[in-house]
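In the two complexes below, subunit A is the common chain; its partner is subunit B in one and subunit C in the other.
What follows is the complex of A and B.
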């Protein structure tokens, strides 16, 4: 389980996270949602140790982040973090070189599934293709947790469908997923937990099952209630 | 440790093309320079012989001595040698400054990928420190190989009785700039390159301060660099009652301390404070 307890973060004098606490269990999809600039990406980066926090604790299965944790937790940013000159093959090599839990067979399958050319360069890829490669680099790792930042942002409908289909496939089965998105509608039925943020604070968090059964509402209904009031 | 070698390999690969270009440029420009200087020597000899009405090269030698590549490059402080080396130094300084920034370009830069490699972040730092150093030493090796070749080429263009050949160390000593780059004593070599490495570590500390605290970090980096330079130059301002070797040892000591402190700070920033 990934657990955030009273996490605080400032950029200069601006507070971006004030006392954020939530738990994201393994084998469940947790969605962080909120308007732009509410701190969703900062939470993911904080979990991954890509930006320091100024208070609180973050633990992964009870332990603070350590460099060995990167074998168990993988981050998919909203843009592919690879140099523009690198080819798909180079990206796969890089991952295979540095991660012991890299699964080359799965990487090969996904390369075919996403129709990626091994000699295509990152810099010349469309946003959709880059998003697929980005996802591939995470899915081909046997990691326990996957953090995804806006996986549907700015990509075409077909790529979006292909990426959405991954969430219901065995590729994410058994993993804990935390994703940030505005576009909840398309994957609403797959979500287990939702954490709603506003101005660096959690305004509401709930299990989707509870909302559906107890209140007969969809996640989008709850979002409307929270953000339109 | 394996991660370090892989990261070093990655960084070196990114420098291979610039290295090949620099090596070819150094060799080509210096060889052309040797050719041009040989022609110049030949023409000058003919002019002198005509002006002074000398019948043979032997007479020219008796009056004016023998020509050597080492003397020619010393007298001219050959731009054919200095210019390509200067260009390489300019490129490498630029590279050292941007080696970190290059990986911070974009919202989710390659640096975020590097920081998520399941190994100590120290490896990233040392890979970025050693890759340019390897290229620098490889360029020095190229220079050491090219210098005797251009010396031979120069000599091959002149009549035997007109020239004299000097060993490599004499060629290196001919240009003070070259002598600083390739010191002839091991102690001097360690001192010069130790100073250079310490300067790179201070530069990297400045960059990491800026990357960690942005505008405030930039201010901190400038203050840090100025303070480091000021402290490092204190021995140079000491009076004449200090022996030269005492000043040199003090300078080496201070630079070692600054280098070690900067290294510690860089590694701390990379581990705890860096923001991508």
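What follows is the complex of A and C.
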């Protein structure tokens, strides 16, 4: 489980996270949602140690974050971070050279599943293809937790469907996933937990099936209640 | 398997209902093996945890049995299976009655309206078939 306890973060005088606490279990898909600029990406970057926090604690399976934690967590940024001249094959080799937990068999499987051409260059890819390659680079790592920043934004319907199919496959089985999105509608039936943020605060968090069972509401219904009032 | 989910009912219960409907209509029969949790998740496009939860619920209701490591099967208990059809029908009728309650229609009139509707629905597909012949 990744656990945030009262996490605070400022950029200069601006407070971006004011005491955020939530738990993202392993073996579950947790979605951080909220309107733009509410601190979703900052939370993922804080977990990854990419940006310092100014208060509170973050633990993984009960232990404080340590450099070895990052062999167990992979981060999928919202844009593919590879140089434009690199080919798909080059990206895969780069990962294999630099990461001990890289799984080449799974990478080959995913290359086929996403129909990526090994000689295609990053710079000339469509947004959808780049998003799939970006996700592949993380899925092919043997890691317990995956953090994904906006895996669905700005890509076409078919690429979105392919990416969504990852969440119903063994690729996420036994792993903890935290993803951020502001487009919950199409994927809400795939989520286990939702954490709603507004202005650096958590406004509501719940298990999706519980809220359907207890209140007969969809995640989108709850979002309307929270953000439209 | 095609299943469209509504987002206001628990997904695992919708999966359970889907299985019940298939049992009630004879598409799944006593003792038949069903897909693994993982297969079901990718077939229905649901999260593997939800598939697991649906199977657990069906095991608790006695609809399916899982012995050791072998694949899960539809129960051989015919009493349970025959109860499913009644249960689905009762549930559907209750929903129908709840939705017509506000219209305050007398029971006799309601019954005759339902009957007329059934007859007109029955005649539509047959007239279609007549057209193609």
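The criterion applied here is as follows: the second predicted complex is superposed on the first by the 229 of 229 C-alpha atoms of A that agree within 3 Å, B and C clash if a C-alpha of one lies under 4 Å from a C-alpha of the other, contacts with A are read in each partner's own complex, and residues count from 1 in each chain.
We take it that a contact is a pair of C-beta atoms (placed from the backbone, for glycine too) under 8 Å apart; a residue touches a chain by one contact, two chains touch by 3 or more.
Treat the numbers as computed from the prediction; the structure is a model and nothing was measured.
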Combined model on subunit A: subunit C and subunit B, fit or clash: fit
Partner chain in contact with A:165 - subunit B first, subunit C second, else both or neither: second
Partner chain in contact with A:124 - subunit B first, subunit C second, else both or neither: neither
Where the C-alpha centre of subunit A sits as vertex, the angle toward subunit B and subunit C in the overlay (nearest 10 degrees): 160
Touched partner set for A:51, first subunit B, second subunit C, both or neither: first
First (subunit B), second (subunit C), both or neither touched by A:29: second
First (subunit B), second (subunit C), both or neither touched by A:188: second
First (subunit B), second (subunit C), both or neither touched by A:173: second
Which superposed partner A:203 touches (first subunit B, second subunit C, both, neither): neither
After fitting on chain A: smallest Cα gap, subunit B-subunit C, Å: 28
Contacts on subunit A seen with subunit B and repeated with subunit C across the two complexes: none
In the complex, subunit B residues that touch subunit A: 3, 6, 10, 103, 106-113, 115-121, 214, 216, 272-276
Contacting residues of subunit A [partner subunit C, same complex]: 27-29, 164-165, 167-170, 172-173, 188-192, 208-209, 212-213, 216-221
Touching residues on subunit A, where the partner in the complex is subunit B: 12, 45, 48-52, 67-71, 74-75, 77-83, 94, 97-100, 149
Complex contact set, residues of subunit C against subunit A: 5-13, 38, 41-42, 44-50, 53
